[in-house]
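One structure coming up, written as structure tokens, with questions to follow.
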Amino acid sequence: MKELMVYLNGKMVPESQASLPLSDSGFLWGDTVYECARTFNFKPFKLREHIQRLYRSLKMTRIDLAMGPEELETVSLELLEVNRELFGGGEDVWINHDVTRGRYAWERWVRPEARDRYPATVIIQTPALEFTVFAKYYRSGVHIITPSVRQMPHICIDPKIKHRSRLHFFLAELEVKEVDMEGFSLLLDLEGSLTENKGGNFFLVTDGVLRTPPPQNILCGVSRATVLDLARELGIPAVEESLHPYDAYNAQEAFLTSTPYCILPVSRFNGLPIGEEVPGPLTRKLLKAWQELVELDFVQQALDHLPR
Amino acid sequence: MKELMVYLNGKMVPESQASLPLSDSGFLWGDTVYECARTFNFKPFKLREHIQRLYRSLKMTRIDLAMGPEELETVSLELLEVNRELFGGGEDVWINHDVTRGRYAWERWVRPEARDRYPATVIIQTPALEFTVFAKYYRSGVHIITPSVRQMPHICIDPKIKHRSRLHFFLAELEVKEVDMEGFSLLLDLEGSLTENKGGNFFLVTDGVLRTPPPQNILCGVSRATVLDLARELGIPAVEESLHPYDAYNAQEAFLTSTPYCILPVSRFNGLPIGEEVPGPLTRKLLKAWQELVELDFVQQALDHLPR
Amino acid sequence: MKELMVYLNGKMVPESQASLPLSDSGFLWGDTVYECARTFNFKPFKLREHIQRLYRSLKMTRIDLAMGPEELETVSLELLEVNRELFGGGEDVWINHDVTRGRYAWERWVRPEARDRYPATVIIQTPALEFTVFAKYYRSGVHIITPSVRQMPHICIDPKIKHRSRLHFFLAELEVKEVDMEGFSLLLDLEGSLTENKGGNFFLVTDGVLRTPPPQNILCGVSRATVLDLARELGIPAVEESLHPYDAYNAQEAFLTSTPYCILPVSRFNGLPIGEEVPGPLTRKLLKAWQELVELDFVQQALDHLPR
Amino acid sequence: MKELMVYLNGKMVPESQASLPLSDSGFLWGDTVYECARTFNFKPFKLREHIQRLYRSLKMTRIDLAMGPEELETVSLELLEVNRELFGGGEDVWINHDVTRGRYAWERWVRPEARDRYPATVIIQTPALEFTVFAKYYRSGVHIITPSVRQMPHICIDPKIKHRSRLHFFLAELEVKEVDMEGFSLLLDLEGSLTENKGGNFFLVTDGVLRTPPPQNILCGVSRATVLDLARELGIPAVEESLHPYDAYNAQEAFLTSTPYCILPVSRFNGLPIGEEVPGPLTRKLLKAWQELVELDFVQQALDHLPR
Amino acid sequence: MKELMVYLNGKMVPESQASLPLSDSGFLWGDTVYECARTFNFKPFKLREHIQRLYRSLKMTRIDLAMGPEELETVSLELLEVNRELFGGGEDVWINHDVTRGRYAWERWVRPEARDRYPATVIIQTPALEFTVFAKYYRSGVHIITPSVRQMPHICIDPKIKHRSRLHFFLAELEVKEVDMEGFSLLLDLEGSLTENKGGNFFLVTDGVLRTPPPQNILCGVSRATVLDLARELGIPAVEESLHPYDAYNAQEAFLTSTPYCILPVSRFNGLPIGEEVPGPLTRKLLKAWQELVELDFVQQALDHLPR
Amino acid sequence: MKELMVYLNGKMVPESQASLPLSDSGFLWGDTVYECARTFNFKPFKLREHIQRLYRSLKMTRIDLAMGPEELETVSLELLEVNRELFGGGEDVWINHDVTRGRYAWERWVRPEARDRYPATVIIQTPALEFTVFAKYYRSGVHIITPSVRQMPHICIDPKIKHRSRLHFFLAELEVKEVDMEGFSLLLDLEGSLTENKGGNFFLVTDGVLRTPPPQNILCGVSRATVLDLARELGIPAVEESLHPYDAYNAQEAFLTSTPYCILPVSRFNGLPIGEEVPGPLTRKLLKAWQELVELDFVQQALDHLPR
């Protein structure tokens, strides 16, 4: 049986042979920027937007990537093609990019000319989407919990850089799991406003208006942008504004957005019920519009993967 | 010729064969705690203190390590013994521990019992100390620069956890290198007080008193503790207190402490000279006391590695 | 002579017999949420909006009120009817709701099932509006003073919850009275922006634009919403934005809004005059529109209560 | 059977007849300062210290109390004497003082001379100590949880004022109960340091040193002062310093102090175990010293009240 | 040869005779408010707006200026006329106003009636614009650097007051000059958002939208307002919003605005290039519109002053 | 009659001829550092400490002063000698130093070598001490008021630099004068802790311990250091610690320290009385010790200047 291939520094290698030296700066210092896109019916969704954001992350972290965005996109599509035959009907995959600063060596810090000797590490992967992880929440909704761990302030690392120094997200998640094994975290920023979690953005609905935290303290997800676009097309008013727990407790609807699940309804916030039905009417409308956009009922697709 | 051995998950393997799967949580989420000790004349220095701190980091990050501290120490000493013959006179080595949460899989987050299937990744290494990196600064002193990137607030990740989600230290360092290719960063916390840099603590001397930032926003280094101990023995008054750039600009002496170099004098702060000689009299006293403690003139040892 | 009746936990009782046991959680811990509406010509004004906000306060404070909003409204109107005959022409009343968590007992905190034994305390009152308290300021304008006591940050208690843990408002008011016995406080938030005072919201006018602090650090008053609605109808541009003392010092007009007086012009800010006439032209316009809305010249009504 | 008497505004009245008018400023605005002392073998413990703190609270809140501290003490002891016969052997009581600003009337805010018409409300009570509430934790230890609700910053209301505007403590406690029905809250301040909870102070032990948060963001409890005194007498080093969750996770021992239970050992912090035995050796030493001080084994006293 | 005249406290005096006593409050305490306008072809540009802002600064600093805004404008134009003949073709001048609180004397602080004895000091000057200072940056663009010194928070002194207590801007500038002798500072506020520098506002362009920091933490420059007006006329969407270094690093264009140069393109931000050409297309459009507005190619005017 | 001489840039000139050009950076940008010492019986007090602090201020502001500290001291003493004969018995004088960056010219910012062309401006003055300003407060005590304007955070300008960008102190003072024409301000820092005012430090006494804010957010006055020294000699325990308004309200004594008056007792804090007598016993003790140190009853000296 054939094995999934991985793109690693210019070569396609079988997944089982792809690994990282212990001296890689990505492992040693969380010095990696990355992106995660997905396919619908094996068609990449907004891959270009993901790649553009990757290059913004590269710029601010000053990681020099020899390859340009067009070439990276081409290689990604080639890899997707190579791996295509391993997946059956009803499946879809991630398209994941990781770029680290490459091998860590003190020399590169004191001799600029030495930097060329340590090229960035580039990894592209297309693993299967794990629908069972989130499928059931389309129906039951997610329980959101705000941990005491706070969102990283942008003056330390701007959350708009999608990077892998994410231990604080784990500390937050671990605290949440103490409360509810199936809870999802939602981090507050230092001032106490709602931000995001490890992979998702947050929306709520009050008085028929879609509200979501502003770009300042979050990673502006591609899924978040998709929802705002769909809302505009559907004539649903939407604002980006500072939101507090009070707003979540009293929302009529709420949901998370993220690449694998697109939109996942929220049913509880710190133990209290949100809204009257799950998903709420506006959430359903947005889900429907997204499904039409990608010509796939991805909710049903996910539910089909649940064990009977 | 023999190769350096590395301890990886229960086995000693040649360094060239030791690598990390791309799915390791340490790579993916900066989800690693670590320690770096060194030897003097191949005798480990305060290895136990380093290992104790590692277990404190493990506890708060809730990484379950099957092995206890005694066993980890034993294995570390065995590895040191195995690698001993690869190093000549005048050399010394690091003793580095890395523990990651192990393979990342969504399952572990929702099924507590599944956690046993994903044991922590344990790595021990004893690479050579790279004296050329820092040797010259014993004489010239270091140029300290405060970047605009700020120290991580403890409520996101406590800096007392020695972890590998350190991208902000890199962003700070990169900003510093724009100013002076040989500058060392010293991060301010959100309030503007002096803290630490990627691997070192900071001390200054005013009116014959040794001053260093308090434990609240820093990693309390083993070298920092050694300096405080030596000061006590030498009768040098020492205080831990909130310090600002003003205090550094007007210090009579200043130095960094870190495992590889122990004490490195500071000669400039944001471009202005510190003190009248480098190293200053109190710094020299502390260096001498440390050398006696470990029965090695480690300054000379480092200088001997510089090219003639 | 008949006595004013009060609704207390399901019964109408004469005011002189309505009291609270010392063990009530409302007294012991400021653990009460409340609302204050008023009538115009004895017609309740936006009573439903007040009741809806009460239920939002109840939700976030997790006080379980057996009665639903419709029933609470019905009872309130009945009480108003019962007390109607005690008031003469030219008078109007408050419609006040207080809901406490009920009797305090440690047991309820450790045994969820015990909670039913401690029902919430519900109080409804319709006392006369005291026009003499504020009437003269319609003409002279109010002197606003910013005390050193700051507005409660939402992460301690969200000011959008209308609750009775208000000591900080008193400390602020007491500080203001040291300056000017007739001054009104306006609290700054921790960052120094203008917020609100114990019962009122703040508006100012610059360049013909109505400006008021955003919802994040204030209680969004029903009167505040009324002004924003009236402004929309009158074609007056209005924005919610962060405002600082500088903006108040240099405003062309300013006013407070609150249930009893609707709109009260501001004539001075920390000792300096605001605007050229009191009330300013835009303030007069809004007052007039409100009077038309409720079909009552409530300014004249208040002035009529002043002693000749 | 005789009824417990309560001191209310100059008179001793049976508890069932002691109540508060709805117009009392204490109920309306959380405008009450209070104290809670206890007896050991019916001897009041540090009653004078509690009363002195009450007068400090009165001063800063500018509540005028006609009665001086000596008279208040005398009256309190009389009440204790009056109620003495209602309690059997093995019991002990609270001595609780509440002082509100008295009846709320707008007039007092604008006419200084009117203040005399609204004297403060004074309440003294001596209810039985409810040992069953906390007795079992002497053995099992307490589970401490840090909620997302933060401690009130002193610039809003200084926590050194013991007042009854405490809703934020309730919001914190309610959040904690979602996690563990038997958990105790410990609030972080805005910066993320450990502070206190609704009625208790926090101590931890590392390296044989007793550590407790500094006075700046807490109410300095009389029990806290007692522990610091006992530590001094026992030669246990003790420091007041800023403490973070990291310090609690890695403490060798931890405990709460409060009037009813004196010292209550902590066994878990956010789900992780603290120390190796509960109570730890130093905690036991302090408990023993306190018992000798008051000549009563109050731990056994409490345990005797548990149902067999 | 004739000398430039200066208006000083009611008289026109030659520049060489205009000086300030050492006891002036402006020198002693930075207690001066000021304005700087310029001419185009010797026609004053928005002089009235500058003067209005001066009076707003005067109000909040409570400096009493006997002269009203109309009179100040008249005098300014007279001075300009007087000095007109000293300047040749191709030149233009500043119109600068300085108002200090006048002679400092303790008496004025304790005896209100004494204030009249110490009138404000009023200075008007029309020195030549120094084109060589900034001309070359129209072509090369400016290198922006963010120092560690932060923007003054408005609760200390509101930056909307144009005052001369500006040492922090100098400390920032000095830090920047350590990095790049030709760098321009851009200060972050305490929270880390982009604000302004000693004399200029900042704009950037992303996705065709002009973005600039909101009024809250900056001086809202007259040039900034001119750009926003021109953008409206040209149909370029423009928003005022909180901006972070990430936004600057990834901008397509950026520029500074200030009275002498109007618009100066930015080519680098903390060492990294901004945009693809300097000035960018939108920047050029705005420059052109401004030149049409004032009927002068002020860029060419400045370049003509550069040495060949 | 002879005139007071002033040292200005190397020359002694009569006071009436000493003035500052309008282009001096000190006037334009508050770009001046300064010191104020005084004499007792015409003997300079701690002049060297003042001069040392001046050079610390010069260093951090990067103002290059050609003259060294010894020379500056010599010149100061010469000036004092020159002016000696103008003062009679019972009088004493200030010894004031001002150093500005010199003439402002853009050139110095872009061409390092140009800096030599713009030497620092140096001013030394010895005006008479104005005893009538403060004499009466030795008896009545000072009324301290905390304004809403906050102390400058050190990350903008460190208050340990004694500089003349002090407008915020004036804004604070002006706000205080609105409350009480004879009030003295005491600024809170951003967090709300007590700091200092325009020229003085603050001390309070509780439980026989002298307490004063720590060095971090204040200028550490020479008078403050003198009090701490005297306390040590007298065996009075003294601590530097974060203090809040609560601590001031409840202090047994409080006082200000500053060069002209040394120690000035505080009698009220925000309207409430402090302590039982003014000055308190410990304050009197410190005053007496200081008088012995300088061999002058400076309190009586000041009182003698009051009009009968």
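Should a chain be cited, it is by its letter among A, B, C, D, E and F, assigned in written order, with residues numbered from 1 in that chain.
Convention: a residue touches a chain if its C-beta (ideal position, glycine included) is under 8 Å from a C-beta of that chain, and two chains touch if they have at least 3 such contacts.
A quick note: this is a predicted structure, and the numbers were derived from the prediction, not measured.
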List every chain that touches both subunit D and subunit F. B, C
Steps needed, at minimum, to go from subunit A to subunit D via contacts: 1
Among all chains, whose Cα centre is located farthest from the one for subunit D? E
Comparing centres built from CA atoms, which chain ends up most distant from subunit B? C
Distance-wise, how many Å sit between the C-alpha centres of subunit E and subunit F, to the nearest whole number? 32
On a C-alpha centroid basis, what's the spacing between subunit C and subunit F, in Å? 47
Compute the distance, rounded to whole Å, between the mean C-alpha positions of subunit A and subunit F. 57
Listing for subunit F: what residues touch at least two other chains? 60, 62, 148, 150, 153, 155, 161, 188, 192, 245
What are all the touching pairs of chains? A-B, A-C, A-D, A-E, B-D, B-E, B-F, C-D, C-E, C-F, D-F, E-F
Hey, which residues of subunit D end up touching subunit F in the complex? 56, 59-60, 62, 153-155, 158, 160-161, 214, 216
Going by the contact rule set out above, which residues of subunit B touch subunit E in the complex? 146-148, 150, 175, 178-179, 188, 192, 245, 270-271
Could you pull out which subunit D residues touch subunit B in their complex? 188, 191-193, 241-242, 244-246, 249-250, 272
Please give the residue numbers of subunit D that touch subunit C in the complex, ascending. 6, 18-22, 24, 26-32, 60-62, 98, 101, 106, 109-112, 123, 125, 130, 133, 148-153, 155-157, 161, 163-171, 173-174, 177, 181-182, 190
